[in-house]
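Per-chain residue numbering starts at 1, and chain names A, B, C, D and E are given in the order in which the chains are listed.
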Amino acid sequence: MKKIGIADTTFARFDMASAAIDELQSLSASVSIIRYTAPGIKDLPVSCKKLFDEKNCDIVMALGMPGSKQIDKQCAHEASTGLISVQLMCNRHIIEVFVHEDEAKNEKELSILANNRTRKHAHNVINLLFHPDVLRKHAGEGLRQGFEDAEPIR
Amino acid sequence: MKKIGIADTTFARFDMASAAIDELQSLSASVSIIRYTAPGIKDLPVSCKKLFDEKNCDIVMALGMPGSKQIDKQCAHEASTGLISVQLMCNRHIIEVFVHEDEAKNEKELSILANNRTRKHAHNVINLLFHPDVLRKHAGEGLRQGFEDAEPIR
Amino acid sequence: MKKIGIADTTFARFDMASAAIDELQSLSASVSIIRYTAPGIKDLPVSCKKLFDEKNCDIVMALGMPGSKQIDKQCAHEASTGLISVQLMCNRHIIEVFVHEDEAKNEKELSILANNRTRKHAHNVINLLFHPDVLRKHAGEGLRQGFEDAEPIR
Amino acid sequence: MKKIGIADTTFARFDMASAAIDELQSLSASVSIIRYTAPGIKDLPVSCKKLFDEKNCDIVMALGMPGSKQIDKQCAHEASTGLISVQLMCNRHIIEVFVHEDEAKNEKELSILANNRTRKHAHNVINLLFHPDVLRKHAGEGLRQGFEDAEPIR
Amino acid sequence: MKKIGIADTTFARFDMASAAIDELQSLSASVSIIRYTAPGIKDLPVSCKKLFDEKNCDIVMALGMPGSKQIDKQCAHEASTGLISVQLMCNRHIIEVFVHEDEAKNEKELSILANNRTRKHAHNVINLLFHPDVLRKHAGEGLRQGFEDAEPIR
């Protein structure tokens, strides 16, 4: 049985992990899920590494909600850079799901965005684990997570 | 007994380490604390690494107060990037507590902020070590350190 | 027989991988091609690493189409940094083919650009594998991929 | 006897190494000093690494004077990032002493700044090697190198 | 006999490698030179690493000409960061010779700059290999490559 790690934060303003777990379980009965909550997004890289090294996860979702200030953008950049390093150290995927506070016009839209993006990326996780052919079929099609897909161009 | 490292600087304008140690000791009788003071924030990554490798700490708090100039922002960015690298090399958490001089309106507020943020993050350290369930319970709740918590969104 | 990896994304709005494969096959009968599709450009570094480590590719093309927003630029930067790290870990080339949405005036031009750049870089891949002398012959000649070549200066 | 490495550049416009060596020797009779001069600041990371790996230095001072243009700022950033990496690879401190040309109003002030900052950091080197308690005593006191110390806040 | 690697690009608009090789050969009869041409500057880090690991070079010159657009600046930054990483992995120097298109007022000046900077840096290469004392003698003297030297300050 494949193990999926979920790393999330107390800083986020939406419980993205519950959305992720709900979607993953609806998509596949044959996965086990391990959740690890850290304070903020800069704690996610080592949290993901521990999920790989200590919990033997096959893939991890890193869930975070950076604020709208310049320093928050920088923290997100540092976290993303670290998440890429972890993937290269472990040869396994981390699907980063970051929802920036200033992506939405208001809190209602922000919660919808956080929920949708997380669930869409749960599909990516399942496809990377079990259905790489589905990803290949949609290559170059402008798929997005959270808002509308973009149109492919010909 | 768990060992907590405290890395701080002579550059900072507030004795964050004393606040950290005071709070940690009030939260748990079963930790030992090792303190290491370096000149500035760019010296923190290797200081933390030495606390892990040479002092066998289980977790480290990295305490710093970047100035308000552009070059200070860049130093903070470099230090943060290094702190993430150390965590990935050692598979242990570093809780970064940086207080930027321009986050507060005046020195009074800055000292309150530095004190509060450090103490709040001391709780995160104890929770990561002993109570991961407490962090999980507060996932997605918009917790902040230093100023007011943000509101969770539904 | 040399193995060429192709890493692409579902985020891109043009099927760059098909253009790459078509061009590579027209250039050389003696290569085998392995394709790996991931969700977005930040998933490309580990995808390329897996193509080297798990599929034993000799060289990889990393194909992506970053959007036009600031956050897309940052993702592209993080992805590029990761792609360089992978090359240093594996001692093999990754030819990065990124087409930024705002490089073209309209969708028609964007699709032409994506197609041309991908095919031009396929030549670089074949030259790195089989004809390093051809690259050396064109050193300093201002070669470009996608738009017109620049003029060499004397 | 402790070995201190001094890495400096031909790009700098002030002989910071001579100031460093003079100050170090006045502070301690029990150190040996090894100097290594490279062309520019981006050559400092590997120079420091060689001082650790090939000359077995216990600590290194990295001395540089970035220019005032945007590209110089970026070079300084790249150099600093590299210097942090070296420290983590070697588990030893590098005290970075960078003096930016635009920190001073004129050449006279610049030379005073370069001299003062270098000498003040020489004290940090000696304290890290022999007197960590002195650093700890001054933690959070707003110490600066080159200009006036900042005031601690309460 | 010392081996010097030359990594250059087809993107550059001036044949910097020929200038480098001509200057190196005029400076020393006791070096052998190995040239490796890649498409662009982001291909230089792994090219240099291969020159160290597969060709056993003692030092490498990395020659490139970034364009004047923002994306070119970012590519140069990524390349430089990678070149520093290679040096730390191999404990050997890479002398980066980058000529930015917007450093010169016109093509004539650009070609003179590219030629001069490359040749001046060839001297640095020879000095690092054979005459470290010459570099030390010029420490802090404001040496530049391409334009006029800066004045040392006292």
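Methods note: a residue touches a chain if its C-beta (ideal position, glycine included) is under 8 Å from a C-beta of that chain, and two chains touch if they have at least 3 such contacts.
None of the values given here were measured: they were computed from a predicted structure.
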Shared interface partners, meaning chains that touch subunit B and subunit E: D
Interchain contact steps from subunit C to subunit D (minimum; 1 if touching): 2
Mean-CA-position distance for subunit E and subunit C (Å): 25
Inter-chain centre distance, subunit A versus subunit D - centres from mean C-alpha coordinates, in Å: 41
Multi-chain contact sites of subunit B, meaning residues that touch two or more partners: 81, 85
Circular arrangement of chains, read from subunit C onward through subunit E: C, E, D, B, A
Interfacial residue positions of subunit A with respect to subunit C in the complex: 73, 77, 80-81, 83-85, 87-88, 91-96, 100, 121, 124, 128, 132, 135-136, 138-145, 150-154
Touch list for subunit A against partner subunit B, complex: 8-18, 35-39, 42-43, 45-47, 49-50, 53-54, 71, 74-75, 78-79, 81-82, 85-86, 89, 107-108, 110-111, 114
